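After this come two complexes, each holding chain A, first together with chain B and then together with chain C.
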Partner chain A sequence: PLPLTSVEQAASTYFGALRLNLKMKILIVLAALAGFIAITSASGCDKLQRLKVKSQWSRAYSSGHDREDFSQAIWRAIFAQVPDARALFKKVGGDDTTSADFVAHSLRVLAGFDITISLLDQPDALQAELTHLKKQHDERHIPDNYFEAFRLALGHVLPAQLGRCWDKKAWSDCFEVIAHGIQGH
Partner chain B sequence: MLRLVVLLVVAAYCAADEGHSHCCSAEDRNIVQKQWSVLWQDTESSKVKAGFARLILLKLVEAKPDTKALFANVDIDHPQGGTFTAHCLRIVNAIDMAINLLDNQEALDSALDHLADQHHARSGIKKEHFKAFGEILSGALPRLLDDYNIFSWRSCFKGLYAKITSKLDA
Partner chain C sequence: MWRLLIISALTALTWADTDRGQGLLARFGETGDPRLAATALRIFALEKKVDVIKQKLHDADKFDPAHFVSELDSLVTRAEGNGCADRQFQCGGSDRECISDLFVCDGHNDCENDHDEDDDVCSTDAVKAGNVFTGTVTWHSCLPIEDRVTRIAIIGTKRVKFFTSRVRVTAQISVDHVEGADHHVETNTFTAAGFFNFGTRRLVLFPGAGKLKNVGVVCEFNRGDNERADCTLGYKASKNTCAHALLHLQD
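This part shows the complex of A and B:
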């Protein structure tokens, strides 16, 4: 092999140092994570589950036409379970989930849900949003089993959207936090 | 030939309407959606989004002091607090919904109609407030988004503001 020039020598020392640095950084992050898990893994919907749900949701929620399809799938799954729920959505085109009014409405609902999920790691703001949503839902007298239908619909559509990178336990734990906040019980 | 005529008519219509500003063509919508999506790529994006909206609303209140009272029930006195943060996200998500519906004109109209109702229901909101909001937003977005096509954004947002404010009295 040709002898290294001084520049190449400097470069190789530099990158060697970088590699070492990276290994150390990974170790530090792992140690910190281990500590974090030990602190937070006690209750349902803990901090790590919240982060996981947040990132899985942002992938599933997607954008544009994909989001419209995602939303359609969720609402069809809800109405398939509780057909009577359509009556609640009469004013917003609930008879036809593909109608413009219902597409707009279903995306509004998902936008609200998106806020609660993105706030899972900001307790004060999460509480404020849940209170706001509770007020909007109170006057509509929504039976508990409709919330359950929403949960089950998510439980089918999310894994269909995300494949195997979906954590059922994290979702059911964290969904409970959100649904209880909106229902008030 | 017919296609050419249609194209020319459309082009003439757009040119007549304040220099292309009203078109929001398919490509404009594409550009806006793509550039906006950058905001949502990180798991911590909610903090960025809330922070961004907070900045814009506070600037709005600075520019139009009479708007401050309109945000009293969302606790604008404590802009870092949970109540105001949640409200900031509501506004960002409404914008996000509109942008994501740009390709579905009918559903977009329905969504904007609903937003128009919600703003009509709050007395004191004026068209000039939206004008100021729009100016602040379009000044701030290019500082947040590396890619920002001012013409596409302007042409698409003009229509959005027109519809949201359509039910306001003043």
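This part shows the complex of A and C:
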């Protein structure tokens, strides 16, 4: 092959640089896109989703004896996943979910959850409530997988209770907000 | 007496001109003992009777008194009501007790008589994958659709271990309709997802796409078995009913 002239050499380096530049640009665009997707999915639970969750919760949470049954079903589903979690509820009759002590306690817990859901559309008040609940939970050192068990229990008992018209995505997005607020991470 | 027997035997043999008859005749010739021959004839007559009984058994299969009584029981119960709210389960028996359908077949005994965990109550036979239910859907409102043969095929089920009072069901719904000048049959098929509720014996499916996007299918196995279901099609939001069908399990 003929030796390259200096002009040709210069041209080849120039075009090489140009190509590299283009590659980098594509990469930057891709990275920006990925970042954007991450931000939008992290900031799920938008205003409309919050309203949806609020109204669906009020239907599922219901009242009177139905509320007791709903709560009972959720706690059975939690303990079926993480039997060790019963130990945390020893003082409140956790060994038997149908005991009066535990029924009272499970209703108290759901009442706390009800407060957070009711406040989903008032960010400041919600933050205050989540901080309060975080303080209550911190001293009990609850492992992350217990929160996950609660999420899964809710994910199955809620649609069973509602029957129709429930938005899985809105629930998983907004549950994250509440769970993260209580866990602190 | 023997002569009479032999004569009647011969008549029977000439009448029953079958392989078996000829075999008999051969054996008859070999032994030459009239007493043995008479026994052979009796056996032959018994075989005929057994065949008749077999046929009768086959026919009797179509009439199942227990099944009939169970159907009647279900129909009467439906007519008189069971004293429970819509989403509750009647424990039945001598003690009338209503429990939430969230507790039926969840592994805990909630009824005083433990009826909520009975094998009969918790049978998943109705929604076994592979089951195909057929019937004619009659529309009376919502959409201008004439009566159509419809099939619901269960294609998948899932039951999570920690919440067993529901079975998640995926199904394929196909609807036959007559098209064109030659009146050929075309079939529309769409997938639907939903669940089976042991407490109410209802299979609820939501097509979620196509013409039936906003419609829910509710099939209640209220005929005392796992083979027939009363189905209602209605709007998902308002539960306003649009169509009815009695579906039965295909063989």
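Methods note: the second predicted complex is superposed on the first by the 142 of 185 C-alpha atoms of A that agree within 3 Å, B and C clash if a C-alpha of one lies under 4 Å from a C-alpha of the other, contacts with A are read in each partner's own complex, and residues count from 1 in each chain.
The criterion applied here is as follows: a contact is a pair of C-beta atoms (placed from the backbone, for glycine too) under 8 Å apart; a residue touches a chain by one contact, two chains touch by 3 or more.
What you see is a predicted model, and the numbers here were worked out from it, not measured in a lab.
Asker: Look at where chain B and chain C land on chain A after superposing the complexes, then choose clash or fit.
Answerer: With chain A aligned, chain B clears chain C, so fit.
Asker: Between chain B and chain C, whom does A:76 touch in the aligned arrangement: first, second, both, or neither?
Answerer: A:76 sits against chain C, while chain B stays out of touch.
Asker: For A:67, is the partner it touches chain B (first), chain C (second), both, or none of the two (neither)?
Answerer: first
Asker: Would you sort A:161 into first (chain B), second (chain C), both or neither based on which partner it touches?
Answerer: second
Asker: More residues of chain A in touch with chain C or with chain B?
Answerer: Result: the larger residue contact count on chain A belongs to B.
Asker: Using the touch definition from the top, say if A:104 reaches chain B (first), chain C (second), both or neither.
Answerer: First partner only.
Asker: Please work out whether A:125 is in contact with chain B alone, chain C alone, both, or neither, and reply first, second, both or neither.
Answerer: In the superposition, A:125 contacts chain B only.
Asker: So if I take every C-alpha atom in chain B and every one in chain C after superposing, what is the smallest distance between them in Å?
Answerer: 15
Asker: From the superposed pair, tell me which chain A residues show up as contacts to chain B and also as contacts to chain C.
Answerer: none
Asker: Show which residues of chain A lie in contact with chain C when the two form their complex.
Answerer: Against chain C, chain A makes touches at 66, 69-70, 72-73, 76-78, 80-81, 98, 152-153, 156-157, 159-161, 163-165.
Asker: Quick one: which bits of chain C touch chain A in the complex? Just the residue numbers, please.
Answerer: Counting only chain C, the residues touching chain A are 99-100, 102-103, 106-108, 160-163, 165-166, 195, 197, 204, 206, 216, 236-237.
Asker: How about chain B: which of its residues touch chain A in the complex?
Answerer: Checking each residue of chain B against chain A gives 33, 37, 40, 43, 45-47, 49-50, 81-83, 85-87, 89-90, 93-94, 96-97, 100-101, 103-104, 106-111, 114.
Asker: Give the list of chain A residues in touch with chain B in this complex.
Answerer: Checking each residue of chain A against chain B gives 51, 54-55, 58, 63-65, 67-68, 93, 100-101, 103-105, 107-108, 111-112, 114-115, 118-119, 122-129, 132.
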